[in-house]
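Each remark here refers to the structure printed beneath this line.
A, B and C are the chain letters, set down in written order, and residue numbers restart from 1 in every chain.
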Amino acid sequence: MSKTIFEKSQAEQHAYSLPRDASEFQQFVPEKTFLRQAPLNLPEVSEIDLTRHFCGLAKKNMGIDTNFYPLGSCTMKLNPRVNELCASLPGFTHTHPLAQEESIQGNLQIIHELIEILCRVCGMTAGSLLPNAGAQGEFVGMRMIAEYHRKQNDSLRDEVLIPDNAHGTNAATAAMCGFKTVTIRSDANGDLDLGHLKSLASNRTAALMLTNPNTLGIFSQAITEVAAIVHQAGGLLYYDGANLNPMLNVVRPGDMGFDVMHINLHKTFSTPHGGGGPGSGPVLCNAKLKEFLPLPRVEKKGDKYHIIWKDAASIGMIASFHGNFAIYLRAYLYAKLHGHYGLRRIAEQSVLNANYLKAHLKSLFSSPFPQFCMHEFVLQADNYLDKGIKALDIAKRLLDYGIHAPTIYFPLIIKECMLIEPTESESKATLDHFVEVMRIIVAEIQANPDLVRTAPHTMPVTRLDEVLAAKKPILKQ
Amino acid sequence: MDFISNQEPQNREMLRKIGIEDVQELFQAIPKNLRLQRPSHDDGISEYEGVQLMESLAAKNAFTHFDNYLGGGSYEHHVPALVAAICGKSEFLTAYTPYQPEASQGMLQIIFEFQSAICALTGLDASNASLYDGASACAEAVLMALRYQRERNKIIIMRSLHPHYRAVVEQYLASHAVELVEVPFLSDGRIDQKALMSALDEKTAAVIVSYPNFLGVIDDIKEVSSQAKKCGAFTIVSANPLAYGLYASAKELGADIAVGDCQPLGLPMQYGGPYAGYLACRQELIRQMPGRIVGETRDTQGRRGFVLTLQAREQHIRREKATSNICTNQALAALASLIAMLWYGKQGIPKLALTNYQRAAYLKFQLQKIPGITSLGDSTCFNEFAMRFSRPIPEVQSFFREQGIEPGLDLERFYPDLKNCLLIAVTETKSKDQLDKYIQAAKQL
Amino acid sequence: MKFTETHEWIKEQNGIGTVGVTQYAQHELGDIVYVELPEVGKDIKSGDVAAVLESTKAAADVYAPISGTIVEVNKALLEASELVNKSPEGEGWIFKIRLSKPQELNSLLDLDAYQAKHS
């Protein structure tokens, strides 16, 4: 059975070394009353054993480098190694966040230029790289919207409109900012129900939070009308940038009528997912909301960059320092390597790859939306329920074939949903292989459904008891 | 350049399968007036030119040429080589969130071990998988206390809490009807315990203190928590995790929630991020912990495995009633921190903490002997302390910089009443020779 | 026994109502891993959230069918949350409430009406 590192402890063994001591340091001993009395229960492990432990754990994990990840809404594209190389340059890693301006002009230039690039791609005027993740970017955007209405003496506006197929963070963020969520229905085509929107937009509407294309991979053609309805009611439009990949230099959220948005750099701009983070969720906005952007900000005067730490109109600080610098540093390089030309190619290829997969797979599953998709599409596995097979089972069986499952059960409104996004990275051979594997699994469902229902069989563990984990939580050694 | 695999031959076949002539047909749903033209000119660059570009930008950062004594929430420590080696492994670097646990036992076990390590340091019962940074961890702890103590709406905050952390707490509380009361510090940098006692009452949900505080001082937190307990308020301690290697654990201090930033352990300063916030608490509060949490369980064959648990409270399920909107934890940064915690280990962490303390104490002791330079008081510190000079700090900084030393932070920028005060951080990276060079420069001021 | 649209049931006797969730509700939620019980002594209005049932995949609010004061909670659920699944309309009861407005019972659904909506 697998051991944790705590269980590999051997008395007196260790890996560390410390810089040379000096006798002059020895006379300094802290006051006894403050000292720690309780034992420190960390393990005692040598460097070779530590190394083997983590290398062993790596063998029990999938990554983009090792497996295809058609995870809808996550944009699992290649994380280029040149990004890693440059992000680890000592000239960057060795800079302190409170260093004086003159000594970190390189960092400030990167911040300023990246914001400019992102604004141009998205049709926005200004932005901030401070939010440490998409959810934090949303929080900042919604705080800015709240401040905007407060400044207009319009604090009656306490409602945020959110489509029923939206990501959970949207509603949670709105609540965090003191707003009530009002849900808008989707129509039969998977698009926003305009009639329902019209009936809900009022003088209580602070904002509409939307992603376009939506979480079903469908582009809302009436977006300009949607924007007009909300603006006319006095509300603002927030764009959830999770699905920006197919839009890069094809269409700009600013042009669509959005006032503020966030981008997920760990999705669209290839920064590594790292097993769950760190991410980066820059916020961009138009002139209406510019003054509310958080602090600190970077300004350019002549050819020198300056940091602004104070501004009365700003919503204030949202992070310890400058956000996830080493993460957006990677996004900066990624953007420069591609240029605007390359970003457009990303958008086109991501949509082409997705539609190719859809053309193949729609015969195996229910495809609720027949029109061309954008970068991702929804399939339903509900036609296998009579064999006792759900989307979850198919997802687990895919693991046995070395493919990470697609996103399942999201959006919540589609039964036995699988959301598939190949990204522009993948080659045709990989896509064909995925189709082939899905065909095999469907054949297995017909011939031997139990095999699929109890999958996976070749992973380090079989299905895990999540009820036990939640009922009797064991959260540490 | 780009990283797209498919070229002409493959795209032709794919277009044929879809039944169209040109990829542009797939964008028909987008209104013509919104659609941009394809860029005509390739403005991308090669990998070589990309590396050249980044190296030239890094070279514009003169900071790296100075002996660095800046602290204030970000510290220069040795990052063990093993950290980059493990964090750079494909299966960790490029993995997604472990929502399919069978394919993610590596990362899940790592988070479980991280949670265990944080509990070992803080002495508390449970920890989450990490938060964005120390500031947001503080804010999340406050929200947690408010959620649990439903009828109470007052939070007591020390003036000596990191000003940026304070600003973020205020940000998170912007739409809550909460009374935020500040307790001042005394002239020697310690908390005004009397003022705290008069501020504490039945409406107080929690008190937040830092350890050490922003001025580098170690406060008597046992006293704070015992006073807080008397009126049923929680004690939230925001600490440099390395301090727990030398000083009393959060549990010994009587804390209910321990938060802070893991940066000093395993993460370079990297201009402020990514870092990793930590949050640990007593058993009673575990269902109120925000963010991701990993738990141990069994598979169908009875083998031990790890899963994300207590997810029902999280954003993707509870939506508007979630404990927080958090989606990511700082997984890879938490891994870096875990490796450093293990590399130092049971023996190394106390030794590392002690040498940090001693080097800082040595510098403070020597500086105090110089006419015109005084400490704020004789309070116990960790690896950071404030000194008052007889000249404005910008002058002091200019002088030191000419000698290749970045001497510390001007405290007046954070506290206008602390004039001519410099905040100096000393870690194990400063040899005796370097410290003596600092002392020589100070003598010449 | 009376029912709500939101799958709670209430059995009233001598001014005290016992409240739980229906068979349908426990089936939809899946294995219950945790129950957040209300505070004894708390005053509550009809439609307020009284308790929360947590499964691994969802957290569902349990609404008070009528107004009143909480007089007792089923502490057994803290150690054995699975009782809600095993016996939702018996041993898996969640709380007892002293009715302040007994007339509210008249606007609730009877068995036939509830089943007609949720079969």
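Note that contacts are C-beta pairs under 8 Å (C-beta built on N, C-alpha and C of every residue); 3 or more make two chains touch, one makes a residue touch a chain.
For clarity, every value in this text was computed on a predicted model and none was experimentally measured.
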Relative to chain B, largest Cα-centroid distance belongs to chain C
Would you say A-C or B-C is joined by more C-beta pairs in contact?
B-C
Separation of chain A from chain B, taking each centre as the mean of its C-alpha atoms, in whole Å:
20
Inter-centroid spacing, chain C versus chain B (mean Cα positions, whole Å)
43
Provide the C-alpha centroid distance between chain A and chain C, rounded to the nearest whole angstrom.
38
Multi-chain contacts in chain A, i.e. residues touching at least two other chains, fall at 466, 469-470
On chain B, where are the residues touching two or more other chains?
309, 311-312, 317-318, 321
What residues in chain C touch two or more of the other chains?
33-34, 54-56
The residues of chain A that touch chain C in their complex are 466-467, 469-471
For chain B, which residues count as touching chain C in their complex?
287, 309, 311-313, 317-318, 321
Of all residues in chain C, which touch chain A in the complex?
31, 33-34, 54-56, 81
